[in-house]
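Listed next: structures, encoded as C-alpha cells.
Heads up, the next two complexes both have subunit A, just with different partners, subunit B and then subunit C.
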Partner chain A sequence: MATVLDPTGAPAADERRASRRGRSTAPGGRRRHVPPLLAVSPFYVLFAVFGTFPVLYSLYLSFQDWDGIGDMRFVGLKQYGWLLQDSVFWHSVLNTFQIWFLSTVPMLFLALVLAFLLHSQVRFTGAYRVAYFIPNVTSMVAMTIVFGSVFAQAGLANSVLRAVGLDGVGWLSSEWGIKSSVAIMIIWRWVGYNALIFLAGLQAIPTEHFEAARVDGANSRQTLFRVVAPQLRPVILFAAVTSTINGLQIFTESQVLFQSTDIGSTGGPGQEGMTIVLYLWQKAFKEHQFGYGAAMGWLLFAIIAIFTIINWRLVSGSDRDDRRPGIAGLLRRKGVRDGR
Partner chain B sequence: MEHRTMTRRRLLGVSLGGAALLGMSGCGASSGSASAGTDHLSLWYWKGSLSDTLLATAKRGVPGMPGLKVQGSQIPDGDIDSKVRTSLAARAYVPDITVANSDNLATFFPDENEFLDLRTLGAEAVRDRYLDWKWKSCFTPSGRMIGFPLDAGPTALYYRRDLFQKAGLPHEPQDVAEEIPTWEKFIAAGRTLRAKAPGKPYLVSNIGNVFQQVLLQSPQQFVDADNRFIGDQQHVRRAWDLSVELLRRRLSAGITDGTPDFNAAMSGGRVATMTTAVWAINGLKDTAPKTSGTWRLTTMPDGPANYGGSYLTLTRYCRDPEAAFAFLTWLLSPANQLKSYQEMALFPTTPASYADPAMHTPDPFFGGQQPIDVFGPAAQKAPVVYFSPYEESANTPFFQELTNVEMLGKNPDRAWRDAVNTAETTLSRLGVS
Partner chain C sequence: MAADDRTTSNAGIGIGSGSRLTRICVRAALLLGVLISLFPFYWLVVMASGTTQDIYRYPPKLVPGPHLLDNMRRVLDTVDFFGSLFNTIVVAVLGTALVLFFDSLAAFAFAKYEFPGKKFLFGMLLVTYMIPAQLSLVPQFVTMAEFGWAGSLNALIIPSAANAFGIFWMRQYAQNSLPDELLDAGRIDGAGFFRLYWTVALPLFRPALAFLGIFTFIGLWNDYIWPLVVMINPDKVTLQVALANLNVLYNSDYSLVMAGALMSVIPLIVVFLIGARHFLRDLAAGATKM
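Let's turn to the complex of A and B:
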C-alpha cells in the first residue's frame, strides 16, 4: 500500500525509466517483443473488448436512435440537443452536485481525522482498519435496504431524533431529507476507504516531522492541520479526484432507496434523488432509448472531466512540477485496479 | 494463428452484439439459438413465473411429445428484459422460448419480427381455452401474435372487514360490492371510516395505486394504436381527479408500497383497503400476518380490471417452432395452469380452471372466504386494453407528479400540466404525436 501510494511519485518514474531502457536495448529485434507482449495481452485484449469498444460504441450510439434490437436511425446531434432542453436532466445534474457536495466534503474531512487517529498509537489498529473498510466491500444493494429501514418515517434515525427531543425528519419525503439520506450512505461507504488512503500517505511522512512538531509544542490539532495536511496534499488530491469521479456517478443508493412496486417513482418525491446515472439508466434500460442514454453518458463524461481539472488546479495550484507524474501514476493504478 | 483470430473475432461478435461480424460470416436465424447443438429447447424465465414441477417434467421430456425436452434457465427478473434484448441484438444465444412480463410485451411491438407469429403455428385452434381479453393482448397493432397467455392478474378491493364494521359501513363482501359500486361511493365510505373507525384509519396507502387501477379499468391508456398521445384526455383526467380527491379528503396515508412504513401501516391497521391484483395476496400475508382473518375481498369500485400477468414468446431463432408451440399448449393447458396455481399461485388464464374444486378452497386469512369467488368473475370481466410500446415513457411523469402532489404538496393543476408537458416532450422524440 505504502509504495503504491508514495506521494513522491517514485513508482511512475521507475516505470518510465524501465520502458525507456527496454526500447533502447532491443533495436530491430521484433521477435523479442512477442513473449512479453503476449504476457500482458490478456489484460489488453479484455480491456479492448470490454473497455475500449463499449466506450467508442456508446459515442457512436449517441448519434443514433435505437431501441436496443431493431435498426438504428442516424439523428446527428439531436439527442444532445434534446438532452440540453430536458429539465429532468438538468434537475438530475443539480441533484448530483448537491449530493456530491453534501457527501464528499464531510467525508474527506472525517477520513482525514480518522486516518490521523489510526496513525497515532492505539490498540487494535488492525481491527479498526478492517472495520472501517468493511462498508466499502459490503453489497450496496443490501445496505441500501437496511438504510431504507433506518430512514423510514418510524425508522431508527427518527427514533433517535425523537429520543433526544427533536422532531422526526421526512428523510425520504422531503428535498433535503432525500439528499441527506443518500449523502449519509455515501459517507458511510467511502469514509473508511479514504481513511486508509490517507493513512498510507501519513505513513510516508518521516517521523522526524512529527517529533519536530511535538518538540515545538504543537498539539494534535495543530499537528494535523499544520504539519500533516500540507504534506498530504497529493494524497488529498487523489482522494478528491476519485471522490468526484465516484460522486458524480451515484446510482445504487438512489435506485434501491426508491425502488418500489410503483412504476415511475424513480428518484423519490420531486425526483430529488434522481441522479445523472439513475436518469441514464431509466432512459436507456427501462425506456429503451439507448441513443439518449449514450448522449447522457458523454455529457456526464464532459462534466467529470471539467471538474477533475478544476479539482486538480485547486488542490495542486502551487505544487512543484515533479509531483504531477506521481498523481498521474496513482490515478493510473487506481484505474487499473477498478477496471475502469 | 488462423484459428486464434477466428475465435477472437467470434468472441467479439458474440459478446458485444457485433451483428455485422456475424452477418458477414453468414450466421442465419437457425444458428442463433441458445440451444444450438443440444437435444433440448431453451427457455428463459424468472423465479416464480413458471411452475418448477412442470419445468422439471419438461426437462426430462414433455409428456405426449416423444423426444421433446425443454430446459429452463432462471434469470433474475430485473435482468431478463435486457438479457433478451442483448441476445436479440447480438443474434446469438437467443433462447427458443422466453417469458415476458405484461408491461414488457408491448415494448417488443416495434421489433415484432424478432418473435414468431403464433397463429402460423396453429394458435387459433386453442383460442377458446383462454380469456378473451388476454388473448387479444397477445397481438401487435399489425395483427401478429407474439405472446401466449401465461397468467392473469385480476383485481379486487381488499378491505378490513372489522374496521368497516366498526365504522358502521357495509362489511360483508356482497354488501360492500353492492353499496360501494363506484369510486365516488368508495371515497364517501372512506370519510365515514376515517371519522368513525377506531384509530382513524386511512382508506388507501397512497393515491398512485388508485390512479393505476382507475386507469386499468379504461380500455385506453396513454398512447393509442395509431401512436397518438391520449394521456391528456378524459379517461386519464378522471383517474387523476379521483386520486387528488382522495388526498383532499385526507384519506391517503402517503406511504410508498413495499417500504418498511407500508409494512408497519398494514400490520398496524392504519390502512383499511388495498386496490390491487390477486398476486398481492402472498405479500399481504407476509407483511401483516397478525391481521389474518380480518381481511375480505370484493369487487373493485367501477368493476374489475387486470393488473400484471405474463406471456410466453417464441423468438425467431427458435430451433423447432412446432415443438416449442406444442410445449406451450401443454404447459399452459387448463389442467397445468391449475397445477401452477396450486403450486405457485399463478392465476390461470383458462376460465375452465376456475370451476375446478381445487381452486375453491376457503382462505382463513380472508375469514374463510374463497378468493376465486371474487377473482374468477373479475378475470372474466376485465376490459380489453391496448398498451403501446411507449407506455412507461408516457406514464412515468404522471406517477411522478402524483407523488409530488401527495408528498410535497405540489399544486395538483400545475402538476397535471407539468405531467402532460413532460410526457408530450418525451413522446415527441419517440415519434409519438
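Let's turn to the complex of A and C:
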C-alpha cells in the first residue's frame, strides 16, 4: 500500500500490475488508486491510533504496576495472579453472570412472545413499534434514576405490593432484590428491541411455508417448531450473542443505582450489584490502579470471547445442513447495536 | 377482505386460530405491553412535577402535580444544564456528521472501486468488531491524556469519527442502490472520484444516511462510561454525566433530580420520534438481510 501512495516508487511494477488487470488504459495509471485509498484511510488511521495502539498498550500496562502519575514498575504476570485471588473480582464475575441470566432468559422469551403477537396484527403496527422501541433509545442514566426511585424502600414497587396486601421487598438492599432490580431494568430496555428483530425474522418467512404446513395438516404447535423455529434460528442466535456481549458489560445500572448512597461505588449493600466493568472502573479510575484495570480488561475480553463461542455453538445447534450465518452476517448484526 | 385474510393466516402461526376472543386477548396483551413500556416515562413526569414528599407518600400520588416549571427552574439554578446540553449537542452533531462523511466515503470506495489491498483492508474492518470497548478503557484514557485531550470534547468526537459498522452497512447499501451506469455517465462528463462521491453517490445514499445518522446520534447522546472517564474537568461534562452528578449531590431532593432527568431525556425522544419511521424499518432490514 505504501508503495502505491509513494510517488517515487517503482512505476514499472505498477504498470505490470495494472496491465495484468487489464486496466492499463485507465487515466492516471496508479494515481487512480489514490482517491479510493484516501477515502478509506480515515477509519484505519483512527483505528490505529485509538484502537490498535490502546489494545497493545493495555497488554503492556497489565504487566506493570502504575498509578497513572508516578513511575511504572514491571511486575510480570502478578496483576493477573492478584486478580485471580481477588475475592471481590470473583464476586463481581458471579454477580454479572447472575444478572445476565436473570435478565437474558426472560427478555428473549418475552421478546419472542411479543414478536408473535405483533406479527398477528395488521393495525397500528407503526405505533406499536415506536412504543416498544422507545425504552431502548432513552438515556440509561435517566431511566436508572427513575427505576431507582420505583424500587426504593418507600417507592412505587413496594406501595403496589402493600396495596395488594403483600410485604415490601428490599429491592435495593437484599441480594436477590438488587439483582432483580438491575435485571428488570435490562429487560424493560431490551425486550422491544429484540422483539422487533424477531418480528423482522418472522416476516421474512415466506407465506408458502405456512400454506404448505397447513395443507400437510400441521397444527399450530408443529408449525411453530417445524416451520418457524428453524427459520428464526439465525435471528435468535444474533439476539443471544448480542445480549451476552452487552450483558457481560453491565455498568451504568449498577453504577448510577448505588452512586448516591455509597461514594466508593462498591455496587450496593453486600456488593451484590458489583459487576465486572464497575469493578474495573472503580479500580482503574477511583483507586488509580491502571495495571490492575488493564489486566481486568483482558480477563473480561477472554470471558466474553469464551461465552460468545459457547452461545454460538449452543444456539446454532448440531445439525450441519442448517444455514449458519457467516461471520460477516453475525458481525453486521452485532453492529446494529454497538455503534462505536 | 384482503386484510382479514392476512390476519387469520398470520394468527395461525403460533397463537391458535384467529377467533374473535383470541384477537381481543392479543390486542389486550399488546396494549398492556405498551403501558409497561411507556409507564416509566409517565412516572418520570409525575415525579418531576411533584414535590419530594409526594414521591414517597402512601398511597402514592399517581397524577402529575403543578410544580414542573418550578422544579425545572431549580435544575437550571443548580447545575449548568445548558452548558452540558451544549456539550452533548456539539458531540452528537459533530460526531454524527463525521461518521456520516467518513463512513459513506469509505463505503463508496469499497463498493465501487478496485484498489490494492482492498480485500485485506475490508477483512480488517470486520476483525475490529471483535474488540470490546471496555478492554481498552484504561489505555484509551492514557492515550487521551498523552494527547492532552482528557477533559476536552475532542476525546468524545475524534476516536469514534469513523466506525466499522457504518462502513460495512453503507457499502452493502451502495452495492445495491448505486448503479454503475450512473457513475460511468459521470465519468464521461469528466468527474473524478470525489466529485462522483459528492454529486452522484451522496444524494442516493440519503435513506442509509438517515438510519446511520439517527443510530449514531442516539449512541453518542447516551454514552455514559466514556465521558465519565475522560471528562476529568467537572465544569465541562456531557448531559449524562451532569445528570449522574446531580443525582449524587442532591439525592435527597428527588423532584429536582427527576426534573433534571426529564429535561435530559426530552430532546432525544423528539429526535427519535421525528426519525422513527425510517429508523425502525431499516433496523429490521439490517437484521434480516444477511
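Quick note on the criterion: the second predicted complex is superposed on the first by the 270 of 340 C-alpha atoms of A that agree within 3 Å, B and C clash if a C-alpha of one lies under 4 Å from a C-alpha of the other, contacts with A are read in each partner's own complex, and residues count from 1 in each chain.
In this section, a residue touches a chain if its C-beta (ideal position, glycine included) is under 8 Å from a C-beta of that chain, and two chains touch if they have at least 3 such contacts.
Note that this is a predicted model, so its numbers are computed, not measured.
K.L.:
After the alignment on subunit A, I want to confirm one thing: do subunit B and subunit C clash, or do they fit together?
P.N.:
Overlaying the two structures gives a clash between subunit B and subunit C.
K.L.:
See if subunit A has more residues touched by subunit B or by subunit C, and give me that chain.
P.N.:
Touching more of subunit A: C.
K.L.:
When the two structures are overlaid on chain A, which partner does A:251 contact: first (subunit B), second (subunit C), both, or neither?
P.N.:
A:251: touches subunit C, not subunit B.
K.L.:
Looking at the overlay, what does A:149 touch: subunit B (first), subunit C (second), both, or neither?
P.N.:
In the superposition, A:149 touches subunit B and subunit C alike.
K.L.:
For A:269, decide between first (touching subunit B), second (touching subunit C), both and neither.
P.N.:
first
K.L.:
Could you look at A:42 and tell me whether it touches subunit B, subunit C, both or neither (first, second, both, neither)?
P.N.:
In the superposed model, A:42 contacts subunit C only, not subunit B.
K.L.:
Of the two partner chains, subunit B (first) and subunit C (second), which one does A:297 touch, if any: first, second, both, or neither?
P.N.:
Second partner only, subunit C.
K.L.:
Considering only touches as defined above, state whether A:230 meets subunit B (first), subunit C (second), both or neither.
P.N.:
Neither partner.
K.L.:
Where does A:68 make contact in the superposed view: on subunit B (first), on subunit C (second), on both, or on neither?
P.N.:
The answer is both, since A:68 touches subunit B and subunit C.
K.L.:
For A:217, is the partner it touches subunit B (first), subunit C (second), both, or none of the two (neither)?
P.N.:
The answer is neither, since A:217 touches no partner chain.
K.L.:
Which partner does A:285 contact after superposing on A: first (subunit B), second (subunit C), both, neither?
P.N.:
Touch partners of A:285: subunit B and subunit C.
K.L.:
Taking 24-32, 60-68, 78-86 or 348-356 from subunit B, which overlaps subunit C after aligning chain A?
P.N.:
78-86
K.L.:
Hey, what residues of subunit A end up touching subunit B and subunit C alike?
P.N.:
Shared contact residues on subunit A (touching subunit B in one complex, subunit C in the other): 49-50, 53-54, 57, 68, 149, 152, 154-155, 260-261, 263, 285.
K.L.:
Taking the touch rule as given, give the residues of subunit A at its contact with subunit C in the complex, in rising order.
P.N.:
1, 4, 17, 21, 23, 33, 35-37, 39-40, 42-44, 46-47, 49-51, 53-55, 57-58, 61, 68, 114, 116-122, 126, 128-135, 137-143, 145-147, 149-150, 152, 154-156, 159, 162-163, 188, 192, 196-197, 199-204, 207, 210, 214, 220, 223-224, 228, 234-235, 238, 245, 249, 251-252, 255-256, 259-261, 263, 277, 280-281, 284-285, 290, 293-294, 297-298, 300-301, 304, 325-329, 331-336, 338-340
K.L.:
Can you name the residues of subunit A that touch subunit B in the complex?
P.N.:
So the residues of subunit A touching subunit B come out as 45, 49-50, 53-54, 57, 67-70, 82, 86-88, 148-149, 152-155, 172-175, 258, 260-271, 282, 285-289, 292.
K.L.:
Under the stated contact criterion, what part of subunit C meets subunit A in this complex?
P.N.:
3, 6-7, 9-18, 23, 26-27, 29-30, 33-34, 36-38, 40-41, 43-44, 47, 55-56, 58-60, 102-103, 105-106, 108-110, 113-117, 121, 124-126, 128-129, 131-143, 145, 158-169, 172, 192-194, 197, 215-216, 218-222, 224-225, 228-229, 239-240, 243-244, 247-248, 251, 254, 257-258, 261-262, 264-265, 268-269, 272-273, 276-277, 280, 283-288, 290
K.L.:
Which residues of subunit B touch subunit A in the complex?
P.N.:
8, 11-12, 15-16, 82, 85-86, 88-89, 103, 107-108, 110-111, 114, 206, 208-209, 212, 254-261, 264, 392-393, 395-400, 403-404, 406-408, 410, 422, 425, 429-430
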